[in-house]
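Here's a structure for you.
Naming follows writing order (A, B, C and D), and every chain is counted from residue 1.
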Amino acid sequence: MAERYGILEEEKVFKDPVHRYIHVRDELIWELIGTKEFQRLRRIRQLGTTYLTFHGAEHTRFNHSLGVYEIMRRMVDNLGQKMTWDPEERLVCLSAALLHDIGHGPFSHSFEKVFHTDHEEWTRAIILGDTDVHTVLKGIGNDFPQKVSDVIAKTYSNKLVVSLISSQIDADRMDYLQRDAFYTGVSYGHFDMERLLRVMRPSEDQAVFKHSGMHAVEDYIMSRYQMYWQVYFHPVTRSAEVILSKILHRAKDLYGQGYQFLDKPKHFYSLFSGKITLEDYLKLDESVILYYFQEWQEESDPILQELCRRFMERRLFKYVECDPSAQMKIWPELIQLFGKIGLDPNYYLVIDSSSDLPYDFYRPGEEEERLPINLLKPNGDLRELSRESDVVEAISGKKRTDHKLYFPKDLLEDQRTFADEKKRIMTLLTAQEG
Amino acid sequence: MAERYGILEEEKVFKDPVHRYIHVRDELIWELIGTKEFQRLRRIRQLGTTYLTFHGAEHTRFNHSLGVYEIMRRMVDNLGQKMTWDPEERLVCLSAALLHDIGHGPFSHSFEKVFHTDHEEWTRAIILGDTDVHTVLKGIGNDFPQKVSDVIAKTYSNKLVVSLISSQIDADRMDYLQRDAFYTGVSYGHFDMERLLRVMRPSEDQAVFKHSGMHAVEDYIMSRYQMYWQVYFHPVTRSAEVILSKILHRAKDLYGQGYQFLDKPKHFYSLFSGKITLEDYLKLDESVILYYFQEWQEESDPILQELCRRFMERRLFKYVECDPSAQMKIWPELIQLFGKIGLDPNYYLVIDSSSDLPYDFYRPGEEEERLPINLLKPNGDLRELSRESDVVEAISGKKRTDHKLYFPKDLLEDQRTFADEKKRIMTLLTAQEG
Amino acid sequence: MAERYGILEEEKVFKDPVHRYIHVRDELIWELIGTKEFQRLRRIRQLGTTYLTFHGAEHTRFNHSLGVYEIMRRMVDNLGQKMTWDPEERLVCLSAALLHDIGHGPFSHSFEKVFHTDHEEWTRAIILGDTDVHTVLKGIGNDFPQKVSDVIAKTYSNKLVVSLISSQIDADRMDYLQRDAFYTGVSYGHFDMERLLRVMRPSEDQAVFKHSGMHAVEDYIMSRYQMYWQVYFHPVTRSAEVILSKILHRAKDLYGQGYQFLDKPKHFYSLFSGKITLEDYLKLDESVILYYFQEWQEESDPILQELCRRFMERRLFKYVECDPSAQMKIWPELIQLFGKIGLDPNYYLVIDSSSDLPYDFYRPGEEEERLPINLLKPNGDLRELSRESDVVEAISGKKRTDHKLYFPKDLLEDQRTFADEKKRIMTLLTAQEG
Amino acid sequence: MAERYGILEEEKVFKDPVHRYIHVRDELIWELIGTKEFQRLRRIRQLGTTYLTFHGAEHTRFNHSLGVYEIMRRMVDNLGQKMTWDPEERLVCLSAALLHDIGHGPFSHSFEKVFHTDHEEWTRAIILGDTDVHTVLKGIGNDFPQKVSDVIAKTYSNKLVVSLISSQIDADRMDYLQRDAFYTGVSYGHFDMERLLRVMRPSEDQAVFKHSGMHAVEDYIMSRYQMYWQVYFHPVTRSAEVILSKILHRAKDLYGQGYQFLDKPKHFYSLFSGKITLEDYLKLDESVILYYFQEWQEESDPILQELCRRFMERRLFKYVECDPSAQMKIWPELIQLFGKIGLDPNYYLVIDSSSDLPYDFYRPGEEEERLPINLLKPNGDLRELSRESDVVEAISGKKRTDHKLYFPKDLLEDQRTFADEKKRIMTLLTAQEG
């Protein structure tokens, strides 16, 4: 290990409302936090449009990234009582935890869908590319950036390290469940992290948990389950995401059509053309996006203008529950009716689906082979969680999917003409609901 | 009272991490929250640049405004057990609480200093001008907006109502102390609000507190005192404010000199020229400002460019304690030295002062005549707080002022030439400290 | 309704660490709290011997009873927004909530098992008998005590009222889950009570919950489930209960055999003889029991003496998991071995079983017909909880039973002789464990 | 250091509602917790009669003692980063923290006043006497018990160690302020312990605090101040103490007069005669005392009987504020009047005074020479706290005293005769109040 970064003379602490304090002793970590790429995370919200549903959820990925680092620091210390860490391996863990989300862009969910970007690829690009982060990481050794990148890509040789940052119970999830619960103010999301960390044990290819801590693991899985359906998939948040995606789609389409914007959206050019460079990507943040959305409220294109006003003023789409098979039958008629009354169905009639697999064990050959959570018996045997816990067994491997159909109810109601069409539309839509 | 807005069929609730739930029953309040002017507060942080010191403090004025409304709602209910509210007066209270900060712009502190704007004037302009807020308020009666505006201006006839929203212990302060403590994660800022609300009693010209609740009031005053010095005046936050102000100054100066910006800062034109309209003002938010700061990192003017990079990358100025009288003597030499090594002292050598008067009683004839906090004895007598409480007496009327001198230590250290000048500068600066 | 008790001039409040404040406005409630029978609950712990496992759990039934009253008060207020309460019915609710546990004696669980007492019968006896509680209740009307007693007995005509105090989701459970979690310090036991209360709706024979609040109900059920297995059935607590029961057994047996106690256990006479009067019962509290346990440490009977010292000094029995069917085979040999080494198996070899049914729906004809939790759909339909919730469905109706075998491992280890017998005992015991 | 006690194979943890977990790694500590003298603390409440005012405050000295140990463990670890601990010295710290209150008896405050016992003397007697605690301590070395005892007596040579357990800011106070706030439910008592521990530095004769942590120290001092006046000196608690003392006085007097008790109060004999042995003392706990109080409700002596019923049923004395100098004048008449209406003024007319010195610096030659709290400047200088902090300066050295006169208002009101005398008594009493 190179000598460039050692231990800080005086430990640095950040006051954190979730973990009370974030402790930094390693110069490497201190330097990484100070890079402009990491500071950029202050301008990207952790939960995208969720703040439009839960007004408290205005926290950024900067906030969360420090939290993941802090949990990793504690995990590494705790595991260190049962194993010996190679000093560089320890820094790999801490760096990967701190940087695991550094490739996120503004409103990632929608951007990835519309522009086919992938935040994990960008994370690796930032770690390996011509950035301050890369320069700092190289201070430890020339191959150090690659190691950190491999952990993110889950290709790193030490699978225990990979499991600490991305598995069904890792530092990332442990932080976001608690943090998002804290900022939204919901009463879910609490579990006994201190106990989880204490019953964690190193094993060959992942961290496992002492069997006596099973109930703490159960509680964590249930928290996760509740947070997904109560917060992450909240239909109002999804409505905002739908509008956001449609704005991006519209702008991209207009650009493709050679539309002349009042104010040139230069930050979007490379996105629109699908050839975005790292330098361009790093300029994107939520301030920039919101700047354009504000500007576009004045555009002459009625759809772009209308959707941007909706977003800025939080006039969201309403929704009805939707059964995809039943919807097949009414879809053509709905599209025709929307067209007739002047609402482009490509932008104003949107099906959005959410689905979650709260916990799963390993099913070889299946699409996503998930590493199970294993419990360690006093005699050294490992037992897969769902075989020991009734509650986890109940939700294990059960993918729950929820479909909703979003549309601008206000526009329908405000319209003075086409009374019959509107009535028919409402009949079709509400017939969808069980 | 007009019939336009009544009671919502079903109460609306907002999940709030500080007050658990915000309850809305009045259609008027629901409509006000939905206006675009109120939604704009989602893009203006409550604590300006404080998030650069306490990373948790990313909450916005939207968040706080709902909180002030909720406290006012409880105050009005509680006082209603001891008095009878005129239904319209009640709505005046709730509306004024919700809207009291609606005139805030981005990074208000710095903007007000540089551009001589006044958020309270803008609040009244929004309430009385051509806005959605105004339209909604008029739904109660033509003179209703004026009433709400008068409460904000403290000229409203019912002084009890004014005291609930702006006095030394009001709904505004009660919310921000708790909320800012929650988001920063500091352990100050807690007091027993439930008890304060319960011992509050209506009196002729202000709310007073039952004497038996004195310790809860004391605790509130001490929380306020700690929050000021630990959070609001934190020197790192002030350093960020200093840089922010200097960026605005520089941009304004350059504009005055006819400098050609790469990207025309049209949102700033009317600010620069001092003739800003309500419409222009409402377009300003922190996304817009941060958009320009990002753009200006590429400007050719070295000072503007350098300061913007500092701000975006959080490379703040360092500081030394400073004694204004001692500093008089060394000032000319310092300025000369800064000039010599190529750092414009107008931008790179800044004295910033904070001062606070934690509690004060009425001193007729003095600059700011503050309404004292009065305690209500069982026999009906009123006693001014500081006469009853040793602790409050100790800090009462004592203005504490703190001066700091900010400068870019990193630039001094990085410079390879002017060794003697730099050494002399550091000697002069550190001699300032006690 | 009689005029004897009205509304207090000034509301009384109790500071409560769980609900922040307990509010009392009804003179009736204030008077009931002041009775000596209610004050007696201060000398009976809420969780029996649990404080020997979780040292924080030293709270009493007084503490809990106030909490149940407070939740009922809020329930009654909330439901009152959707229905009209008869003023006396309201007082029935509040009184039954406050008094529902007043018949509890010291360490109820063990006492009921050994002496065949029934705390619910005693509750009704206190309400209907010659007590201060009865006198106060009669202040409302001559038939008022009977009404309150009927609610406790679940025979009251208004089934909605009964369901608020004893159903699968009632004021009693809501308080104890939160309170016991608070005092033990475990991280389970939290759920969003405020939301539960807000989505509660009156229905013919029970309170139901708006369907939109289903996740809050799920969370409550899961909290209950975790609290049962993590706290209430904790094996260390059960070990203490086992010893406590055996002390009582031994004292009763000795009394039956005409044993001469050093200090006459007069408080136990009527218990031993099975003819306990209300007056005698009310003299029993945990101070009295602990007084005797301390005294009995000096008794000449070696078993009574030894068990009491164990209890007072917290030297508990150890346990092994136990499979009742397998245990049948080894039981005779174990008993013989225990006898041989001088440990009376009636006192030193104890199987203890716990079982819980976390949630159940109505199964007509079965032993215990439990009222299901019903969710109210927007269209007015009711749906039974487990049909809507995967998680609840998973644990619904599944009785989980856990058997453990308790024995004094320290005595076995300390003994110097009978090496072979001891070895064989340990072999038999550990063979029990899976 | 002897080898008898080492490090536990697996760390033991206690779930604690205040510190989340109490961690034990040293066998010595584990053994001490298991002694019968330490387990006895489970039967002695931390706050005496405070539970009659704040019903949540039912926690025991066992609870608190574990907490003080845990804080000490963290202090020792933290200071260990700046100094090197001798391994035995470390154990002296931990043991003294755990055992510092082991000499407390039931309702210590009243017992010490009436029977002139001293809990600190008993603590040393338990540590040095023929006890399990002593035996365990000797496992470290023959002189180890004496060392621990010296720390309690503040005569230990290493003054830094003494200051950690008894100074104006020590492990004992840090625990009880937080713990008592937690259990009573009051909103005072919070301060940032984590920060205090982090800014603590070893110094020659005491721990000092980095100057940058001054506000955390201020906050701690203010918490202490509020807790004293809001909780510890609460007039209702004092009323219960007054009755308790008078019961003990009466029983002692009756014993001196040869009164025949129905049930021989053998546990009190040695207390009454002033010759209590360690063995007798260790038998006293609050169960025993409450047992007698219950029995004495049936005694023939009307005063003993009446006072015991009051205590058990919580019918406390009322109080008026009292000015000792004014009271001198009316005292003879009051005593005469009380006598006339049949209330023995020795038991039914009681002046009780509380006084507190929230913080003090060293005043040589004065009665109680208190070690000041010192702040450590970056340059190594020490500054006494009150010279740096306005708030602390305000309350520093200011002894606040509060006198109240307690009497049984109910007895006065219930009496049918002596109307004039009663009227005169009430006039005299209320004239006392300002």
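By our rule, a contact is a pair of C-beta atoms (placed from the backbone, for glycine too) under 8 Å apart; a residue touches a chain by one contact, two chains touch by 3 or more.
Owing to the predicted nature of the structure, the values given are computational and were not obtained by experimental measurement.
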Check every other chain and keep only those touching both chain A and chain D; list them. B, C
Average the CA atoms of each chain to get its centre, and name the chain whose centre is farthest from that of chain C. B
Could you work out how far the Cα centre of chain A sits from that of chain B, in whole Å? 32
Compute the distance, rounded to whole Å, between the mean C-alpha positions of chain B and chain D. 44
If you average the Cα atoms of chain B and of chain C to get two centres, how far apart are those centres in Å? 52
Multi-chain touching residues of chain C, meaning two or more other chains, are 20, 186
If you look only at chain C, which of its residues touch chain B in the complex? 13, 20-21, 194, 198
The chain B residues in contact with chain D across the complex are 186-188, 190-192, 195, 215-216, 218-219, 222, 225-226, 229-230, 390-391, 393-395, 398, 400
Chain A residues within the chain B interface of the complex: 14-18, 20, 34-36, 39-40, 42-43, 51-52, 54-56, 58-60, 62-63, 66, 182-186, 283, 285-291, 294, 312-315
